[in-house]
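As written, the chains take the letters A, B and C, and residue 1 is the first residue of each chain.
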Amino acid sequence: MIAAIFIFLSGVLVTWIEFRRAGRQINRKEQILFLFILGIGIGLSMLKAIGVPIPNPMDFAIAFYHPFYDLLIEFFGQKGS
Amino acid sequence: MKRTIPSILVVIVLCVMLTSCWSRRELNELAIVVGLGIDKVDDRYQVSIQLVNPTEISARLGGAGQSPIVLITEKGETIQETLHRALVEAPRRYFFSHLQILVLGEELARNGIRDVLDFFWRDHEFRFDYYLLVAKNNKAENILKVLTPLEKLPSQKLFSSLEASERYWGATGDITLDELVIRMLGEGKGAGLTGIELLGDPTVGGSRENIEVAEPKTKLKYSQIAIFKEDRLVGWLNETETIGTKYILDELKNTIYVLPCPKNKGHIAIEVIRSNTKVEGKIENGKPTIHVYVKSEQNLGETQCEDLDLTLPETLFDLEKMMKKKLGQALHIAVDAAQKKYKVDFLGFGDAIHRADPKYWEEHRKNWEHEFAQVPVHLHLDLKIYHTGTVTDSYNREMEKLP
Amino acid sequence: MNQEEKISSYQLLLLATFFTVGSSILELPSTLVTIAEQDAWIAMLLGIAISAIMVGLYLLLIRQYPGKNLHQINEAVFGRKIGGIVSFYLTAMTFFLGPPTVIYYLGRFLSIQIMVETPASSTHLLYGLLAIFAVALGIEVIARVAEILFPIFFILYLGLMLLLIPLVEFERLQPVFEHDFKTLLWASIFYVQFSCFPIIIMLTSFQGKVTQQKKAPKAFFLGNFFGGSILFITTLISVLVLGKLTALFNFPSYVLAQKINVGDFIQRIEMVITVMWFITLFFKLVLYFDSAVVGFAEILKIKNHRFLVVPLGILIIYFSLTNFPNDVYQLNQDKTTWIPHSFFLGVLYPIVVLIIGFVQGKLKEKRKGIHRPSESKGG
């Protein structure tokens, strides 16, 4: 719980520092994108810190690429290596 | 003011991230392990840990008459668990990076060492610069108990005397874990480890009396080489077989051969200075043969012979011939030990055939255990005796000439 | 501000070298020996040959579209929508699979060999923050860091290899060519998947930023070749010293460094390899990261890409901590996802772009009767 709070605070801190630095140079679109991506990162980290089970995106990546890998294995005639 | 808050934050973050003492281990919290012994007792592993007693070995303080080592033994199902459980007896936590020797009890070695060695292979604290030994007819625990003179740490003594005897005598082998595994994974699946023998009473050896006298009552002595088939000890090689084996494996750096005098009583010592061996496999008429090429440089080191005229060049040529015969015998003895006595290819012949003809090897790999015993071995010896030491002819012969 | 960033061709060479050496210097010999045994060095030579061809292809690609980075080329070739999708897929997937794995490698190495009790999260966080800092400062700073660190890296590397020469046994190379070509090719893929195919992403960050435009392609090519040679020598020495055992270790180069013992005097210097690995991994991570930042900015049409650095960096740290439940999962994942992905990224994609670009060029030529391949097409 404490870890999640710290992660959240560091997210706020990062936002504050970044916006201060940029001053007026930043436009609306950039602001939204920044907050959006930062939100994903901070949110996921907080969920992990609390202990909420999150599906691992790597499993999907593996499922996506596995057929191609099998093709390669078959082509090279290697078994499992 | 504009930059104060960010800079303070940066300082805090750096302090947290760069403390760099997370897994620190101070020297005064460590117990340095120099020797480890493993035995099999009632289907459990018994681990003996030889620790350094730091006050006793410090040169400045001179020591307070305590034993320079501490031995701790513990039993368990796995090595790691046992090592950790042994901490209940230890004053500090163990540090293994300075391990010098690992002694395996003979009973354990006969039952297979593969399961034991996995831990040493896997754990990060073990390096690959300690030597493996087999306690001949004994438990590893007893070997590690013995105190030795000259070197205060028995493990250090074993380590350095093994290196010295490997270099100048040749009948021992300083094998580290990675070398052992290379051999066990080799095509021959055979390996040799030096045996260590305890002479005398182990209980006396563990007490301080043992190092208070000029000739200790209990001694440790290297003797013979344990032959492993895969990971099991199958027998011991004697001195001649060992030297022949090391000749073939091209591990011999320096050794002494003794020849009898041509006519009279007495002996000649010939020192091998350099030797280089190549083992080549060949497939001749569909059958594998092994050719061993030995190139050896030797010096005459000692003569007791009255009839040996070292001023004549022929004498040295004759000696070369005698030496050739002698060496040939030694190598044949080693080959016989491998092919007939133990039927284990610890000489690396399988690897030689594999190198020479991978295709043949692919077909015959499975039968190699049976084929190996019948493989003809041809020796090609190229021997040179160059020097006769600081003198040419012995004063022995000058004395003969006196009226 | 970012438009003014300039690096010299020498710096580009060093960065390409570091990218090629990357994580492979510790791990690669093990994989190669597992597959090709004592022929691992031949597989490595084959890999260098393949990467020479592929890098040549990449250079051909950017020569056809001067002054454009990969994403602008995509737009020119595929049109705005499809080009955007292609760019997004390649950038996002490389971002997801690449940098977190690099950090994970480092954390794994540290927690296996050196700092066993330190939790991986702290090393990941520290290294991730370092990368964020570096990328935020821009590619020019990174290039200068490379210039400073390269001599250190190279001297350490050379010293290590020279000290290993006494342990060499040439018998371990025999029998040569025991394995057939297919096996060697399969082994060499494990080199090119990390060191050659992904190097195409460097073209996003560097296009138009190198001062000596004419020397740049040569520097890029040489950097890759030089890095390949470093890995070749490492593999060769591993086979010569450790033989078959190379396959059994996770980090054979570290074991090599452990084995060095010159007269009981120069010994226990394995930390040297740790320093080298820190340096090369840093550049691998930073170059992946920077190209992802530039790529995303290009796709999302943001001018000031500095804004993406921190959020993406936090995502990298998060992924590096959660993507891999354990080491074996990571090793398997690396093969199943990264080999096909790097194949898409480094082989399929440039070839398709080249072919389409070529066809479009021909069509245009017919229509207009003039040959101007650098003009934007299909947009």
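Rule of thumb we're sticking to: a residue touches a chain if its C-beta (ideal position, glycine included) is under 8 Å from a C-beta of that chain, and two chains touch if they have at least 3 such contacts.
Because the structure is a prediction, the values reported are computed rather than measured.
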Subject >> Chain with minimal offset from the mean of all protein Cα atoms >> reply: C
Original post:
So which chain is farthest from subunit A, going by the mean of the CA atoms in each chain?
Top reply: B
Original post:
Any idea whether A-C or B-C has more C-beta pairs in contact?
Top reply: A-C
Subject >> Centre-to-centre distance between subunit B and subunit A (centres being mean Cα positions), rounded to whole Å >> reply: 54
**OP:** Determine the centre-to-centre distance between subunit A and subunit C, using the mean Cα coordinates as centres, and give it in whole Å.
**Re:** 21
Subject >> Distance from the mean Cα position of subunit C to that of subunit B, given in whole angstrom >> reply: 43
Original post:
For the complex, which residues does subunit C have touching subunit B?
Top reply: 112-118, 122, 125-126, 129, 171, 174-175, 178, 242-245, 248, 255, 258-259, 261, 267-268
Original post:
Any idea which subunit C residues touch subunit A in the complex?
Top reply: 34-35, 93, 96-97, 182-183, 185-186, 189, 300, 302, 304, 307-308, 310-312, 314-315, 318-319, 321-325, 333, 335-337, 339-341, 343
**OP:** Can you check the complex and tell me which residues of subunit A touch subunit C?
**Re:** 11, 14, 18, 22, 25-26, 29-30, 33-34, 36-38, 40-42, 44-45, 48, 54, 56-58, 61-62, 64-66, 68-69, 72, 76-78, 81
**OP:** Please name which positions on subunit B make contact with subunit C in the complex.
**Re:** 13, 17, 22-23, 121, 124, 127-129, 178, 181-182, 185, 351, 354-358
